[in-house]
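So, here's a batch of structures to check.
Shared between the two complexes below is chain A, which has chain B as its partner in the first and chain C in the second.
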Partner chain A sequence: MNIKKMLTILFVPVFAMIFSIDLGYARDVGFDDEEIRVGQWGPQTGPAAPWGAVARGTKLLFDLINEEGGIHGRKINYFIRDDQYNPSQTMAAVRDLVDRRGVFAFVGGVGTAPGLAVQSFLRQNEIVWVGVCTGARAFQNNPWLWQIWPDYFDEGAILAIHAAENLKFKKIAYMYQNDDWGADARVGIEAVLKRNNIKLLAAIPVEPTERDLSSQIARLQATGADAVIGIMAPTQAAIALRTSVSVGFKTQWLHSYNLCDFPLMNHITEGLWAREGVMTAAFTDNIDADTPIMNRYREAAKRLAPKERWGLFYTAGIAAAEPLVWALQAAGKDLSKEKVRDALNSITKRQGIGPVITWTKDSHLPPRQLRIWKCGPKGETIVVQDWKTITLESGK
Partner chain B sequence: MPFKQLLIEGLAMGACYGLFGLAVVIIYKTSEVVNFAAGTMAMFSTYVAFHVITLYGFPFWLAFLVSLFFAAVLGVFVEFFFIKPAKNPTLLGLIVITIGAQLLLGGLAGWKWTADQQAFSIPFSYKVIYEPIPGFHISQWAIAVFVIAFIIVTFLFLFFKFTKLGRAMRATQQNKHAAKIMGIKTDRVFAFSWAFSSVIGVTAAMLISARTILDPDFMMEPFLRAFAAAVLGGLMSIPGVLIGGGIMGLLENFFGYAFPSWKPITAFVVIVLVLCVRPSGLFAKHYVKKV
Partner chain C sequence: MDMKRDYYEDIELFKSGTILFWSILFVAALFVAPLFLSNYHLYLFNLVMVHVIVAVGLNILVGSTGQIALGHAGFFAIGAYGTVLLMTKLGLPFFPAIVIAAFISAFFGFILGLPALRLEGPYLAIATLAFGLAIMHIIGHTELFGGRQGLTAPVLNIGISQWGLNWVIKTELGKYYLILIFTIIMVLLAINILKTRAGRAFVAIRDSDIAAEVIGINLTMYKTLAFAVSSFFAGIAGGLFAFVLGFFDPFTFNLILSIIFLVMVVVGGLGSVMGSIAGATLITYLMYDLLKNVDEVPIVGNLLVAFSGKFLTTTGIDNFNLVALGLVMIGIIIFEPLGMFGAWIRIKKYWKTWPF
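Now for the complex of A and B:
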């Protein structure tokens, strides 16, 4: 082998390695004098695609902040990765953002299973993570994660309280996504029903990929349930409602706060969401709320993201990112991870467009306040139960 | 147990699976290729109907015809540009090509129409329900599924039995080389079978999306069910596939009613059991390995 060949063999892999690594990003700790790097994963495609708007809503807030000059002179460089609601892809996306882009913090991140797939990795790397978009209890007790999405136990509880105590339904059944989301909410539902001496008539699981729900609806119909509490993705909720209408099953549906985007749900159910008066839990302001902060975001969306639909999932992305912005502002110009952590731990009774947030060094738990909305006949939001704090012992 | 309700709902979804299974079988009958792109092709053509209805305001039946035409062209396109250029392909190679086509079309649909869920309506609504017997409901959609399935199967039976082209397709399946010697233009037969399969596929897909939802993934699960129906009925038997679809729909519905947690695996259990016990399916005469 001649020298030229040997050099080629040696240098090609070395050069490939050098150029495949983004040295500018991997070197520091997620920020420099010019920018702070923040990431989020979310399903931009796949079965949970409507929830992809969350990550894009966060972008609106960061674009607005950048338009106003950034935070202490630093712009937010924001990365969105599509994981298709698939945990294996979430891991790949997060590794890319951490190892190659060197992000400082994560915001949101839709889904229990995708979040669980990356939780230990983010925790080990001590990466600030604010507002994971799930209320599953498996995310509690993580010192680098601050939660906004209400605990699914509380979500199940508020739905059951409204069905059993406000609406006085005695025959209540449950249809749920077969994962931690459905399991955690079930505990809350059963706790409320128990104190009202009501037995859950049936608990029927559904997989996020299922498209034919005839047998599940037949099972619910056979119980004669007056109300069905549903904890499932938009696609399955829409199909469940369509199927129940097609077999003449009349019941009051009460769904998760993850389905409180009424215009969207009304659209994909061809108006059934409004016709059947579906109710959902909620933990943010109504998107039509005439408040200074909501008006500010609405105007910003018209200017900075004119093609985006102004929907609940979109504004949820803003709500998820607000506390990180507050903490970055409070941390000052001399930024560090520890300062942001301390600032997040010091947020007390502060509210943006989400719920009132209080975090301490010892508790990063989500707020326990929720409300109930009903889809009105024209698809409008009717508040049927305003902010209510869940005081039920959650057994944590 | 609401026996009658489960029966009718199971048969209606089963008829959809069976119809879609026919799309798989028609290609398999002529070329022994399992077309894993069938679901995505049907999804894509359904989106074409949705597109011309929502964007250009076409009435449904005109959009339906446009979609059928597009499906036929798409079938020929896939056969011509994906399958035909393969040099001495193995069966596995051809299957991998169809998976590639599936990924490509899925990506294209996501790019063009986004992953947002949409409602797709047909003139036979699931919202219009009849109650022929007290407590027993049947929707207009379910009635339409039965009628359309009956018409298509009757047409296919007559087509394969009595038309020249149908006989040419059967001859090509039995022995491609002998068919060529007898003057059958087998290349055209292959192209036609892909077009034919694609047209039947989109018909089934429209019925399914009218009851469920329209998004780029909406045919993934029905495809698996339809494939299980085809394996159950016999990949070589047209009536077998439809009966397989019916059995599949009933099995899934009754089993899902009794054991909701296990419902999603029904199709896989059926595929594995049939392949182990009777690989040719319930209605195909026997399994012959061509040499």
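Now for the complex of A and C:
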């Protein structure tokens, strides 16, 4: 019998089998005596794949907790779903996890658009959601969402504070990705500059798909700026730096916290990142910090996830998951959704490897603490401004 | 059995009583299916049906008229943005909004059809591809369209609020029935178009445009018409998609989506309406469901996890999904150039003559 004939005959039974597998789920509570089900979406493939490390970093924390016996005897059963940064896939993944696996809580979730697509669904279903991984301001006030990623307003503010108040630069320009990220950060930058009586020399937009930035750099060079604050994606930051070095434009670059993975940035700029001493905002502990908690995670990563690169997004995934773990521990043996909610609402001035977190019943806003790092000559992290709380009125 | 004795038999909607019977049974099954499905499955079905409408429309252009199109995500986007903006900014009720949005989409299809008169093959592919990309960027740049931040769909009210008639659809189930009715209408429309004068003109153009022109078919009219009709389908689908997802940004309608639409048509079977339905269903199911959960399929799943853990990087399984999707496409094209429709014909023949 030839292959075609065999495939023809097998077609019906094989399909019936696959479909029957698909229907075989019927769980609807988020936890039982054995396990607590937690999920996260994140781009593991596609153009945004480098940020997928966040979801895997969370896995490390949960694996570590499970290894130590779980939380009050319950293991954490953790699901990662690849959404390729595509909202329709995020929605499918989230519904799958909520409706079929009975997920109790979500951690993180990279990206503004994927998060916006599922926010109403998660809210309606009262699913605990600790920290969407974006600083965009478009998220509703949701009693079940606790935000952890710093607001882009605050990010702009800390960069401007460092440039204008710590380093005393007077000639500051701004180069930004032409979307809400760039716009939100700009408000923060201008608020800080205003109180120092400084005007932005120029604000120059970049399209997310642009790859030739020579005209933008020429305009920046013409302003003679001593410092340029950049809010853009890694690829463009690398191109911008390379172009400015090649045309002899000497300036201090200060970039977003999304670019504070120095080994990565140094790699894609072929060492320029370190040579130019680029500074970035940051909101976690330094990845090679010698603190007990960081050492514990680093050891765990070597043991439990030897293939992973110990990088910034990976540790950010740990930072995003810490508050949920604290809340589950505080909620006690007799677990319920309401208890976890109340535990999250009463986290006060607690710090893991991220910023100090305080949430109350009325405010689930992200922490307003950030730091500034500088890339040292060997690509190492130098902390030039430790945790600083932004006190400016952000309008949120 | 398939012999036609007169012309009218050829243009009947259902070729035989058997087909009519099974079609009715199939539709009836779709109407009662929600009784057995979870909310997650309803979402998946809604997505499948939206993709079916696009694929059936695209097939009129690619399969029946023989024009390549790589920009259908653009028309899909026009439908989605058009419907939502007409509802929120102008306060139009849902039904007029979606139909007007689809006509806007059809108008753009007509415009894009004009260069198609002079372009063929790869040149046409590039022209349509550029259109799809341009739409994505124009939307991303314009404040009215919500910029890159995207838009949130309003409450799905299919009544006319101005007259005090409100019929708000909130549940996944409600959306399922709404989209199902749209899908049935659009599929019947597609089958009918192919049986009219225009449909025959499309096929003639595909087979040989010079011969078609010689026998008196107006190429200008029918080529642009094929583009317009196909974009109309994509527009309707886009309008429904806006409410299935509830939120969308320009990146949702990227180049990959255009290619996926084309894949649905080719995998399903060029020139066959039933093939497009099957293709859209299979590809959507693979992309959104089976391949996402491949690690839980018995035996195969464990093997893959073990293999990935040993030899691949940390995202091995996720990347495997994309590879598997590609393999399915390649496999179908190699073994069955007529797509799933071709496979269906062979299965039918085999069982009809069983056991010989």
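Convention: the second predicted complex is superposed on the first by the 365 of 396 C-alpha atoms of A that agree within 3 Å, B and C clash if a C-alpha of one lies under 4 Å from a C-alpha of the other, contacts with A are read in each partner's own complex, and residues count from 1 in each chain.
Everything below uses one rule, namely that a residue touches a chain if its C-beta (ideal position, glycine included) is under 8 Å from a C-beta of that chain, and two chains touch if they have at least 3 such contacts.
Since the model is a prediction, treat every value here as computed from it, not as a measurement.
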Which of chain B and chain C A:K333 touches, first, second, both or neither: neither
Touched partner set for A:K378, first chain B, second chain C, both or neither: neither
Which superposed partner A:K168 touches (first chain B, second chain C, both, neither): neither
Partner chain in contact with A:V247 - chain B first, chain C second, else both or neither: first
Touched partner set for A:A305, first chain B, second chain C, both or neither: second
Which superposed partner A:K349 touches (first chain B, second chain C, both, neither): neither
Chain B versus chain C as contact partner of A:A238, first or second or both or neither: first
Chain C versus chain B, contacts on chain A by residue: C
First (chain B), second (chain C), both or neither touched by A:A49: both
Partner chain in contact with A:E270 - chain B first, chain C second, else both or neither: first
Contacts on chain A seen with chain B and repeated with chain C across the two complexes: 44-45, 49, 52, 178, 207, 209
Chain A - residues contacting chain B, complex: 43-47, 49-50, 52, 178, 204-207, 209-212, 214-216, 218-219, 221-222, 234-235, 238-239, 242-243, 245-248, 267-270, 272
Residues of chain C touching chain A in the complex: 38-40, 43-44, 47, 137, 140-141, 147-150, 152, 241, 245-249, 251-252, 287-290, 292-293, 296-298, 313-315, 318-319, 321-322, 335, 343, 346-347, 350
Touching residues (chain side chain A, partner chain C) in the complex: 3-5, 7-9, 11-12, 18, 21-22, 25, 44-45, 49, 52, 56, 81-82, 85-89, 91-93, 95-96, 98-100, 112-113, 116-117, 120-121, 136, 138, 178-180, 207-209, 305, 307-308
Residue numbers on chain B that touch chain A, as the complex places them: 1-2, 5-6, 9-10, 13, 110, 114-119, 121, 126-127, 129, 131, 137, 139, 141-142, 208, 211-213, 215-218, 220-222, 225, 252-257, 260-261, 263-264
